[in-house]
């Protein structure tokens, strides 16, 4: 679960991490009042979960509160990469001596958390890593003991900090790490970290992604995680509420399968044969008739879908249950789009009989089925 | 630092550990009011840090609030093993189905924490361990990962608990462990743990000893640790306030030395030759003139001290500093008791010259010096 | 011959009394797996699927001679269940449970590493040595004994591919799912090492997917060590867009990393036979003769 | 010959810029110890006692070839300082610092154990191989080379006894303080094992004190393994009352455990030569001929 910048910063402040003075506003009047209160130059930032708000015009500057109100009005009327802007963060613009990058990520290959840090902050860090990999420090943390002060200090040292300033950066990094532990964060990233004239470090931007699997031990996020995130489309939200792993895509062929890998391979096959998948939909292992029926209803109900491909390799899942689900949909609301079924495995014969009784057939090979469904849309 | 029972129970309650209903009282009227509030049979317990209050009459029972007032008056007038009773804990007497013993201790030999548990609670557990060692379960905890639920459950199982009751005891033990971690406890011990009719477990008594070395991270105890504990004598308190490691003993020969092992060996020698040490006093490594002077002043000022033995093996400590300290005391307040000095090591010659200039001499061998000081008292 | 499990495996099932646990215990027994006991806290002394149930793994080990474990307990309890199995000296420890917090898996995997235990999973369909032993939730009948060792990040896609290999006459030694999570006990390099030392395996098939760098690491390992056995691979997720989690927690393309095309390229550069579609794997293996034969 | 340290030892001093650290660094250098660098966070780039100071141990290791460490940092930072030394592969790690929380020591000792490092201390006077190297705060001049290996829970009492041995013509191989805390990296059994394998040691002297069971454990070890070298011991604290902490955190008799008399009895039963007073040790050693000679 991604946190909004203002949520992440509120958590950070409680852990002793400095952030620019400021507050979040839902209206342009609130934004103006915040600027009045904090004074100085203000920066107004769209609070969205998608990346790339800067390029999309979601970050603006203002020197007077009335200007801030106008800029906030503009931003609050924006939709960035499909996400409506509902709030803006109004902050004092910090006078930077230097801009750094600091991030604590899950390092899959090394099965630990890894710190990435650079003295090239405020820019696209992936670009820095590509062009000058030596500019991005990587430091692995012990999976059990985590970040010790000497881990943080070594990074501070390599970034060129000495004496008291080294200690200040060590503390800053240690606090980011504490945040990652306390909130089970997959990612804690500040870009830029601003080194101020007075030597303090400020998280001028802050991204935090909380591990979804850990939400059971974070009651503070449970309400928040249920709100429909702007990143999730209406269709995705509907499908996920019904227990389906669902991702909406650009194409026109609806896909239903069981198992993430199989569904991904199904999308690939459809694309391989010239089709365009409309979605990823995994009904999961051991899906029953109801799951399958729900998935089929939701997908054939989407306007953009021109044909549906059901691909089932039954193991724990049973073909008769899958067939029942399909037949139920046919009976209750009818099959509104051309349907191609590939179904093999456990209780295959029973399943096929159920399909036949409703005038439907199932194929054996996923290659052939994929070719067929592509041809239905092309036709 | 030992906690009073009522302090330990207050901490325990916050961690979800059940304790009997009750409260602490400083006067007999308060004690009566507490009994009125909690109802039932009451137990009135002296709040002291020394062990053995039960045998000393520091635990009494009462069925009416007025009785509780009278018993509290009696207990509040007691001195148990030299410790004045200042508070009593008034609690509802719990109806026990069974009494158990549970303890989490530092296990020096195995360099871990170890759980001791027994279904023979409410009695002297060392006695149980001597007579029927198999009645006391010992379970070592991993030094890094501590008590996992399966550690606690295995103990619950071995104590004979099954089903839901097993889970209840597992939780009880896990909470005692959490207490030991959160408060850096050397010892958490409940004897008895009461198994109630309704299946809950209650810490009817609770002893907690906090590791003195960890007090820097427990600001909540810092004030408390400065209060003169009833266990510490006036002389000990005075010496410790002056930075000396000091233990008061029964004898009449004052002992000053540098290094805990050397001072212990000095006491042993004095005893070996028929003398009785009045104290243990370690001025520490690298002691200066002032330390030595303070120690000498405090010890010769004690009425019971009939002679003083200064035993210095100078390494980091310097003989000239030690000599200066002794001579200073002689000049300022005079040497009030016979003094035997054994002093060798770093700057020995300088030190002896300083002593000689004040009419004092130092011996070479601690054996001979010990014999001499014993003879001074015997004479 | 096979890796990690076989006829010698005697397993306990942690979480045997749950729906999944009891259902799959029956299927594993049906397959011929030697399951010797179940463990469910608080249910000690009862029986499940005809097996004795114990409160703790240590209690189960007092009465049985188990040497492996399969875990079905709910995610919040999985880390300690894994530690409990490891403390009892069991290996491998197969963790079927999904949705375990990444931090828990990270710590558990380190714990296993330091104690010499092998973790399979979490979020894995398990492991099967065809015809001998199955510790997992895969349908046993799609596998048949042979010389292909198979490692996969997926579940049903593995069954799909195993079924197609079996259909085309290509049997398997051991097939295992490394798990669909970001942190797993085994990665593809570990799988390659296991199969390298197994005389019963002459070919390794890797079934990868988008996200992470396990496939690239495998390609580097194959190239750098001049891996002595034939390797073929299929990577799922070419059609997946960046930033979207495709079912598995681990299947997400972040930035420019972890795309299927990059993985396929790395593998091809290491002389791995890379299939464009799952059904192509059989064809590649039948066309090519193993370098060992 | 000696154990743990010698001419090959090249140490760093963690906490070199503190009072204790700089004072004793000078004395160690004077003794001939090869101290190659100091570490104090935030003081990197400066010098202390003529040595370069680094911010971290890793930074010191980039510029020097240290293989051991001695730690003087304040108690709240000692656990991490120890881990830092261990992570850098240094051993032994001598921890002079006293008043470290027992939990911190417990975790650090486990950390060292799992990584193959030797911790001496905490709350130790250190270790000295007479005439070669001194990592500690003991006065060097009371020691002289010879064949007695000495392990002690005490500081000045060790100097007292070493001085008396030296005075009586009995030299030492290595003398080390195991530390006065309840949890220490080495116990007496570890010390006995080290000296057993050292050809330069023919006699072991143990200086124990009240509290804990380290001396009883040593007695059991000597008896059970038919320890091949002569062992003598002195135990301090016969005059100490129960329940009182005699200076050292570890020197406290709890209940009926840990008394000096019980320890002396155990050691005598294992055929250890037990001295009643410190000065008796020389007499015992001079009267007896080593079983090896």
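A few comments on the model shown:
As written, the chain order gives the labels A, B, C and D, with residue 1 at the start of each chain.
The criterion applied here is as follows: a contact is a pair of C-beta atoms (placed from the backbone, for glycine too) under 8 Å apart; a residue touches a chain by one contact, two chains touch by 3 or more.
Just so it is clear, the model here is predicted, and its values are computed rather than measured.
Distance from chain C peaks, on a Cα-centroid basis, for B. Annotation: A-C is the more contact-rich of the chain pairs A-C and B-C, by number of C-beta pairs in contact. If you average the CA atoms of chain B and of chain D, the two centres end up 27 Å from each other.
With centres defined as mean CA coordinates, chain C is found 55 Å away from chain B.
The distance from the centre of chain C to the centre of chain D, each centre being the mean of the chain's C-alpha atoms, comes to 49 Å.
Each of residues 144 in chain B touches at least two other chains. Annotation for chain D: residues touching 2 or more other chains are 111.
On the chain B side of its complex with chain D, the touching residues are 106, 108-109, 111-113, 126, 142-144, 181, 184, 186, 211-214, 216-217, 245, 247, 249, 257-265, 267-272, 277, 280, 282, 285, 313-316, 344-346, 365-367. The residues of chain D lying in touch with chain B in their complex are 75-76, 99-103, 106-107, 109-111, 137-139, 142, 152-160, 163, 180, 182-183, 187, 207, 209-210, 212-214, 217, 234, 236-241, 244-251, 255-256, 260, 276-279. By the touch criterion stated above, chain B contacts chain C in their complex at residues 145, 148-150, 153-154, 157, 162-164, 166-167, 170. Chain contact summary for the complex, chain C toward chain B: residues 41-45, 55-59, 77, 80, 83-84, 87, 111.
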